[in-house]
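The chains carry the letters A, B, C and D, assigned in the order they are written, with residues numbered from 1 in each.
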Amino acid sequence: DRPLTILAGPCQLESADHAQMIAGTLKEACDKVGAQYVFKGSYDKANRTSINAKPALGLDEGLKVLQSVKDEIGVPVLTDIHEADHCDPVAAVVDILQIPAFLCRQTSLLLAAGRTGAVINVKKGQFLAPWDMPNVVAKIESTGNSRIMLTERGVSFGYNRLVVDMQSLPEMARTGYPVVMDATHAVAQPGGLGGASGGQREFAPILARAAVATGIASVFMETHQDPDNAPCDGPNMIYLDQMPKLIETLMAFDALAKANPIII
Amino acid sequence: DRPLTILAGPCQLESADHAQMIAGTLKEACDKVGAQYVFKGSYDKANRTSINAKPALGLDEGLKVLQSVKDEIGVPVLTDIHEADHCDPVAAVVDILQIPAFLCRQTSLLLAAGRTGAVINVKKGQFLAPWDMPNVVAKIESTGNSRIMLTERGVSFGYNRLVVDMQSLPEMARTGYPVVMDATHAVAQPGGLGGASGGQREFAPILARAAVATGIASVFMETHQDPDNAPCDGPNMIYLDQMPKLIETLMAFDALAKANPIII
Amino acid sequence: DRPLTILAGPCQLESADHAQMIAGTLKEACDKVGAQYVFKGSYDKANRTSINAKPALGLDEGLKVLQSVKDEIGVPVLTDIHEADHCDPVAAVVDILQIPAFLCRQTSLLLAAGRTGAVINVKKGQFLAPWDMPNVVAKIESTGNSRIMLTERGVSFGYNRLVVDMQSLPEMARTGYPVVMDATHAVAQPGGLGGASGGQREFAPILARAAVATGIASVFMETHQDPDNAPCDGPNMIYLDQMPKLIETLMAFDALAKANPIII
Amino acid sequence: DRPLTILAGPCQLESADHAQMIAGTLKEACDKVGAQYVFKGSYDKANRTSINAKPALGLDEGLKVLQSVKDEIGVPVLTDIHEADHCDPVAAVVDILQIPAFLCRQTSLLLAAGRTGAVINVKKGQFLAPWDMPNVVAKIESTGNSRIMLTERGVSFGYNRLVVDMQSLPEMARTGYPVVMDATHAVAQPGGLGGASGGQREFAPILARAAVATGIASVFMETHQDPDNAPCDGPNMIYLDQMPKLIETLMAFDALAKANPIII
């Protein structure tokens, strides 16, 4: 029943200046309405649709950028990891290690992440039911780490489309761990553009709102000042200048939801 | 941007006394919080899973019950029709004719319903995309009737399960017609009990809330004082004594949603 | 373990001459390879996507055409019925009454059809699991009629797409009734063209073959001499001049499948 | 149009003796009917449902077992890889490197595998459309390796269930690469047993047959002399003593399919 946490930032890290610009904008917006804020940015994109996609910063450079966000903006940071041997160096800088949806059952990665002691945010695979997540949780808990978050990002619904089952949110909350709605990946259309994923960013605020109304812990959103020219996930990122108003609205729904809790 | 309309009542009409008891309870609850109320009850269940299901009142007796609700409780009434030649006698009593999901493309039924001039509420088939509904609308409009409502009640998601795609709500709103969320049929598990449909009533308020947060015109819910002993749809009907609090909460979300509209 | 029955003809009846031309062509092709043949044609299309679709012949004219096919070509005929009060007049002419997929749970239609004593072919709804079909069968059996066939025509798979689950064929065969694969509707893309359904006729022979290899009783296919100018279902109908070779190949797979039966 | 290749073996490698016993049995069965045979066995199971699942042999011990199969039985071998730095040591022994479905878009793994020059068999993710596979192929081809195979193993269909879309087989064949049907994983019910995946092995021969009838290059099947006591995937593995007859039947369907090719 604590107020909403906003996990937000660009899909791919671009530079320290760019990351700090986005983090600063979002921190200000969150501070204004009492939301907690965590900066999100990826140093690697391991599952791009096409081999021709623009490369990311990589581990070393990415961690420097994330450290600069912590130092300059004073907010916690989150990044996603794809290989077990990245967990330790990443956890030395990053507050929340995120397990990508495709890798959410990969035991070696879950164990390596768990052992760092950092908070672990696992995205539910597009091929998993919400009641399958306790098995994922148990893998992380086996390392003695119970700082866990579980994220809904949509489930496969036919070809090249995801659907968000709002029932999954209270279902995952049964684990006792905080539940996150990833509102921008959920509107992605995987592979929908042939050599890239499509998306429908105009629906992201709707999914965010609907999820917040059910009473969740956090919303995850990717944002960019110029999504159409961003290195990845452009079609589903939200315009940065629309984020402050969106966060304000989500906080109003959050307050109402938490004043009227539903427990399944 | 008018306040929420509540379409609610038992799955199957049982008697005039029973219908008036439910209608009276719900009218009082709606009046208290400023919601418009329409009583819902079926005189026939044409698509029961099993031939052994309890029979319904039938057309003549059912219409008498619906008329008594109008006379005694003073609220508009809605019922579902399954055969073209029922449209005229039903429309002589009933305010809103509802087209069941399985029949939502059946031209003869849509035309007969449209010609009555009554309000027509079409449930989107479990096998249809929201962007297919303009073709359904055009069939009704061809009769000169443009008093139309469109209802989401879940879409097929694998076997014996539905999922509600919240994106379908603004998508259907693009037609310009009011959009309804059917929160109790959406948690049905069709055929899930072998000889009957299962359901998860505990999730109905969650779906109702999430849908209202996106800014819709109306919520449809089935309710009963004793769902486990109701003649049909027991597993997904909401307990009648929980409805007043639920309606009150939905009205709070509705006010917030309509103060912060999203248009796609 | 009897040889394959071919249920085939145009989507919509056009004229006696047209029906006889198609029936004659297919009878000759089936006779040549030892397949049983039943002519299929619809006198009404109750569920067209759009109100603007070309109208069908109607009940009276349609039955005359079907009678002429029986008289002139000497083959049994099948048609689909959408209203309970059509069952008796249709059964006076037609050998197999077909229940459309959308209506496969509509009790009044199943009972009226069953009472005629004709063979009843029920298409499994796009929203049903194969193990839900015994409930449908029981409705027909309650009339004392056990001349029943069950047809797979694809199940909803996301929006605007069907998928055929080959496991449904032996699953439905557990009822003891003959199982039919509808190879052309299964490649339809419902609503996929906006104002009409799309289709991928090039995949129909693949699905037919795969289904026959599992050991089924019958294949249903729609065919036309000029599908692109047919009044309906053009995108998924097979060219008439390709049918003889296709039927010959299916009979070879059928012989092999029935020499090597699999029972679940 | 070459005869069918059978990729088969136990889910998890157990010992050299066990692997040779299975490989020997299958080689004899394949030789008898003219099928090419490749032994399959996993040294690691990176994506087990539960942390409590029985551990696998590991890389070093696994490769010794695979080498012994090559030496003693004289057949090529296939194993699956989950980490980029395993590719080189594995390719020193193994003929076909298999990319698991969950990792089919993981660029670093695809590139490392491709660079070994070994044959790469990629399983299509349960979350991918068949027309998304050319992007996967392009990643491997970018290493100069065009020895590629593409495997269908079912696509997510609601929760805890897969469905095989037979249309995906000719669709993937459009790439020009050999297409494989994984008949046993396709009948798995992911997470269906709570702490483990369920399965319906009785349906695997049906899917294998249906797929072979469409004209594919290869069938992948897991098999064990005692599936119910196997360390993994018991519910969907085929009894070893049923494999010879099954392979014989598949070869008969294969001959018929290749004598009557369908090209999309």
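The rule is short, and it goes like this: contacts are C-beta pairs under 8 Å (C-beta built on N, C-alpha and C of every residue); 3 or more make two chains touch, one makes a residue touch a chain.
Just so it is clear, the structure is predicted and the values come from calculations on it, not from any experiment.
Visitor: Identify the chains adjacent to both chain C and chain D in the sense defined at the top.
Guide: Intersection of chain C and chain D contact lists gives A, B.
Visitor: Comparing each of A-D, C-D or A-C with A-B, which pair has over half of its contact pairs in common by residue number?
Guide: Matching more than half of the contact pairs of A-B: C-D.
Visitor: So which one's got more C-beta contacts, B-C or B-D?
Guide: Answer by contact count: B-C.
Visitor: Report, in whole Å, the distance between the mean C-alpha point of chain B and the mean C-alpha point of chain C.
Guide: About 33 Å separates the centre of chain B from that of chain C.
Visitor: Using mean CA coordinates as chain centres, what's the chain B-chain D distance in Å?
Guide: Distance between chain centres: 48 Å.
Visitor: Any chance you could list the residues of chain C touching two or more other chains?
Guide: 155, 157, 159
Visitor: Across the complex, what residues on chain C touch chain D?
Guide: 155, 157, 163-167, 169-170, 187, 200, 202-203, 205-207, 209-214, 249, 252-253, 256-257, 260, 262, 264
Visitor: Spell out the part of chain C that touches chain B in their complex, as residue ranges.
Guide: It is residues 46-52, 82-84, 102-103, 105-108, 125-129, 131-132, 135, 138-139, 142, 155-156, 159-160, 190-191, 195 of chain C that touch chain B.
Visitor: In the complex of these two chains, what residues of chain C are touching chain A?
Guide: Chain C reaches chain A through residues 157-159, 161.
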